[in-house]
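Got a structure for you, written out below as C-alpha cells; questions coming shortly.
Letters A, B and C mark the chains as written, and numbering starts fresh at 1 in each.
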Amino acid sequence: MYIIQTIINGLLLGGVYALLGVGMTMIFGIVKLTNLAHGEFIVLGAYLSVVLAPMLGIDPVLTLFVSVPLMFLAGFLLQYFLIGKAMKKGNEPALLVTFGLSIILQDVMLLIFSADAQHINTSYAVASIRIGELEISVLNIVLFIISISAITALSAFLKYTHTGRAIRATADDTDAAALTGVSVKKVYAIAMGISMASAALAGLCVGMKWTFYPSSGGSYLLIAFVVVVIGGLGSVPGTLIAGILFGMAQVIGGANYGLLISYIMLLIVLIVKPKGIFGK
Amino acid sequence: MSEPILQVQELNAGYGDFSALEQASFSVDHGQIITLIGLNGAGKTTLVKTIAGLHKPTSGKVLFMGEDITRLSAEKIVSRGLSMVPQGSRCFNRMSVHDNLLMGSFPKSARKHAKETLRHVYELFPVLEEMKKRPAGTLSGGERQMVAIGRALMARPKCLIFDEISLGLSPAIIKDIYKRIIQINENDKTSVILIEQDTQRALRTADSFYVMLKGKMVLSGKSNEVDAEMLKKAYFGI
Amino acid sequence: MIGKKLGQRDVVVLDSIPMLIICIALVFGLYLSCITGIASNNAMRYMIQIFLFITLGEMWNLLSGFAGMTSLGQQLYIGLAGYSVAVMTTKFHMGLGAGLAVGVLVSTIVALLLSLILFKMQGMYFSISTWVVAEAFATLFLSWKFVEQGSGMTIRVVPYPRIGEICILSLMICVVAMITVYCLLRTKVGLGLTAMRDDITAASAVGVNVFSHKLIVYLIAAVFTTLAGGIFFINKGIIYPENGFGISWTVSMIFIVTIGGTGTVGGPIVGAVIYVFLQEILARYPGWSNIILGIITILVILFLPTGIMGTLQKKLRFEIFSSKRFSFAKHK
C-alpha cells in the first residue's frame, strides 16, 4: 500500500515539476537561450497570486485569469525590448543578461515583500480523499489538474494554431521560417510570453504546495533545469515524463535526499545520454 | 507590363571586412525566367539572400513591383510576393509535410487562399499528398526539395527564387523538378530566378542569363544568343 | 571606430620592460605597505577583498573569456576550500597552511573527476551542469553531520593570523594567479584556447587537443579559486553551506569580468576594484545593492560589450598584458 501511495503522490506532484520545466524548455528549444531568470519568474508568479487573491477576493486558482495574461505581456516586452537586443551580441551576453535580471528581480521582490516566508492558502489545503487504504490530498489533485491541463493546452496550441506552427518552424530553422513570412523577433517574444505565463501557473502551484521566499528562485530554476535536461531540451512530452520521474525521486528520497537523488539522476542522464531522454 | 517586376541596382554586401557583392545589378520582367550562374563563392547566394532580406546590404537598391524593399525584413518581403526556395531545401524537419506546406501560407495575404493553394500544390506534386503526415526530416533529398518548392508556392508568390535547386540531386530528379518549375512559370505567370552551377540546364530553361564572378556581374544576355567561348571566359574569369 | 581598422603598428603593447618595472614596483609597494603597517587595517580589509576578487575574476575570465567554458559553479571550489580549512583546523587541530594544502588537494581530485563528466558537455549544458554540481555539494554539506550540517563551522587556530599577514598572502596569490594566466595565454596553449573558443570543431580538426586544453584551464582555475576561497574564509572565520557554495560567488565573478572586460587580462583588475568599492557604497542602501549591480551589468553588456578595459584598449589603442602573441594582425 505504501508503495502505491508513494507512486500516486509522485505522479501527482510530477505534474507540478513538469510545469516548472516547461517554460524553460520552450525558451531552450525555440529562442535557444538559457534563461537564468526563470526561477524568479516563477516566484513572481507566486507573489502575484498572493497579492491578487485577497485584492479581488477570489480563490487563488482564479487569480490565474489575471496573472497569466499579465505575465505573458511582461515576457513579450522583456524579450522584444531587452533580451532580444542582448542576443544580437551573442549567446553569452544574453545568458548574462538573464542572470542580471534574476538578481534584480530577486532583490526587488525582497524590497516589496520582505524576506518572510509566504504561502498561498486555500480551503482545501489539508483536505483529502480516502479510497480504501489510500489517502490522496485534494490539493495534490488540484495541482495535477492545473499542470496537466496547462501542458496539454500548450501542446495543442503548438500543434494546431498558425502561431504554434510558426513557433515550431522557428525552432527548427529560423532563416527558413523568416522566408515563409514569420517574424522571428515576434515569435521569440511570444515564446518568452508563454514561458512567463507558464511561470505564473507554476508559481501558483508551488505557492499552494510549499512556502516560498523572494530567494526561492534559484532552487526552482535548478529543478526546472534538472527536469528539462532529463527530458531533453525543447521537448514538451519529455518534460512531462521527466517531471514525473523527478516527482517520484522527491517522494521516495524525502526532504533530505530527494534533491540529491535528482541531481545524481541528472548527472547519470548527462553521462549516458547527454542530450536527455527525449533529446535528438 | 513594361516595368520589370524585380530590379536590383548596384547592390553591395559583405561579411565583416570581406565584400561578397560588388555593384551587382540585374532585372527580371513579369513572367520571365532568368538564371544567375557562377562558380562556388561567386556571391550568388549572398545576392539572393540580400534580396530576400536575410542579409543586409551595405548599399544599393532592390525594387519589387516598383516598391523599394531594400531594407525590409524577410517576412515583409515574402508577404509582398517575393519568395525563395533556399539552398539545401531547409525544410522544417520535425514538422509533417502538411505542416511544412501550411507554414508557407503564413503571410496574411496567403492565408485566406490556403486551402485552394494547397490543392494546387498537391496537384503539382501528387507524391507529397501521399506522405503528408510524415515528418519532413524523413524524406529523400528530392522529396524535400518538392516540399520546399511547395512551401514557397503556398505564399502565392509573383516572383520565385530557386537557390541551387539541383544541388545533390540525381539527374532524373533534377529533370523532373525543372519540368515543374517551367509548369509553375507557365501556369501562374510567376517570374523565376534560377541560381545554378549547372549552366547547361539553366540556360536551356531561362530566357536570359547573368554570369557572376567574385561578387560582380561579368556577363549577361539572352539565353538563345549565348556565345559559348565568352561564357566560359566569364564563368572562370580567364 | 567604424571603418578605420587597426594595423599592427598602431597598437602600443604595454608589456615591455617599463611596464614590468611598474608592475614589480607596484607589487613591492603594496607588500611594504602591508608589512610595515603603513596601510591601515581598514585599507587592508579593502585590499584583501580586491586581491581575492581579482584572482577569482581572472580565473573565471580564463574559463569563460578565453576558453569558452562559462562555468556557473566555481563556488564549488570556494566552498571546498573553506570547509577544508575549517575541518583541518577544528577537527584535526592543524595549521591554516595544512588546511589550504588539503583544500587544493581535494579540489584537484574533485576537478579531475568532474572533468570526466563535465567536458562531455558544451555550451549551456556545461554551464548548467557546473551549477548543479555546486548545488549538489551544498545539499550534501547541508545534511552531512561531520561538517555540522546547516549550522556551519568556525575556523579556529591559535594564534589567528593578523590582517596584515592575510593581506600579504592574498597579494601573493593574486600576483601568482595573474602571472600564471599571462604566461599560459602566451604559450601554445593560449593559442589553442583562442582557437577553441572561436570554433571548437575546427580547433580539434587542426590538431588542438581539446580535452587536455580544457583540463589545464579547468585545473588552474580550480586551484586558484580554492586558494582565494580559502583565504576568504580564513579572513571571515566561519563558513556555512549557503555562503560557501552560494551562487552569489558567481554573481560577483561575472560582474567583475563583464564590467572589466571579458577576454582581457587587465579587465578583472578594473572590475574587482569597482566591485569592492561599489559594494561598500551600496551597503548604505540595504536591499538595493544587487539591483544596482544587475542593472549596471545589463547596461554594460548592451552598450559596452567589451567592458571598460576592452573599450579603453580600442579607443586608446594600447594593450596592457597583451595575451595575444600576434597583436591585431590585419586580415584581408
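By our rule, a residue touches a chain if its C-beta (ideal position, glycine included) is under 8 Å from a C-beta of that chain, and two chains touch if they have at least 3 such contacts.
Because the structure is predicted, anything quoted here is derived from the model rather than measured.
Undergrad: What is the identifier of the chain with the smallest separation between its Cα mean and the overall Cα mean?
TA: When every chain is reduced to its C-alpha mean, the one closest to the whole-protein mean is A.
Undergrad: Measuring centre to centre with C-alpha atoms, which chain is farthest from chain A?
TA: B
Undergrad: So, what's the distance in Å between the C-alpha centres of chain B and chain A?
TA: 42
Undergrad: Which integer distance in Å separates the CA centroid of chain A from that of chain C?
TA: It comes to 32 Å between the two C-alpha centres.
Undergrad: Can you compute the centre-to-centre distance for chain B and chain C, using the mean CA position of each chain? Integer Å is fine.
TA: Each chain reduced to its C-alpha mean, chain B and chain C end up 52 Å apart.
Undergrad: Which chain B residues touch at least two other chains?
TA: none
Undergrad: Along chain A, where are the residues that touch chain C in the complex?
TA: Counting only chain A, the residues touching chain C are 28, 34, 36, 82, 85-86, 89, 91-93, 95-97, 99-104, 106-108, 110-111, 218, 222, 225-226, 229, 256-257, 259-260, 263-264, 266-267, 270-271, 274.
Undergrad: Show which residues of chain A lie in contact with chain B when the two form their complex.
TA: Against chain B, the touching part of chain A is residues 162, 165-166, 168-169, 171-173, 175-184.
Undergrad: Under the stated contact criterion, what part of chain B meets chain A in this complex?
TA: The contact residues of chain B facing chain A are 52-54, 73-75, 78-79, 83-84, 86, 90-95, 99, 102-104, 106-107, 110-111, 151-152, 154-155.
Undergrad: Write out the stretch or stretches of chain C touching chain A in their complex.
TA: Those residues of chain C that touch chain A are 64, 70, 72, 117, 120-121, 123-125, 127-129, 131-133, 135-136, 139-140, 143, 247, 251, 254, 258, 262, 287-291, 293-295, 297-298, 301-302, 305.
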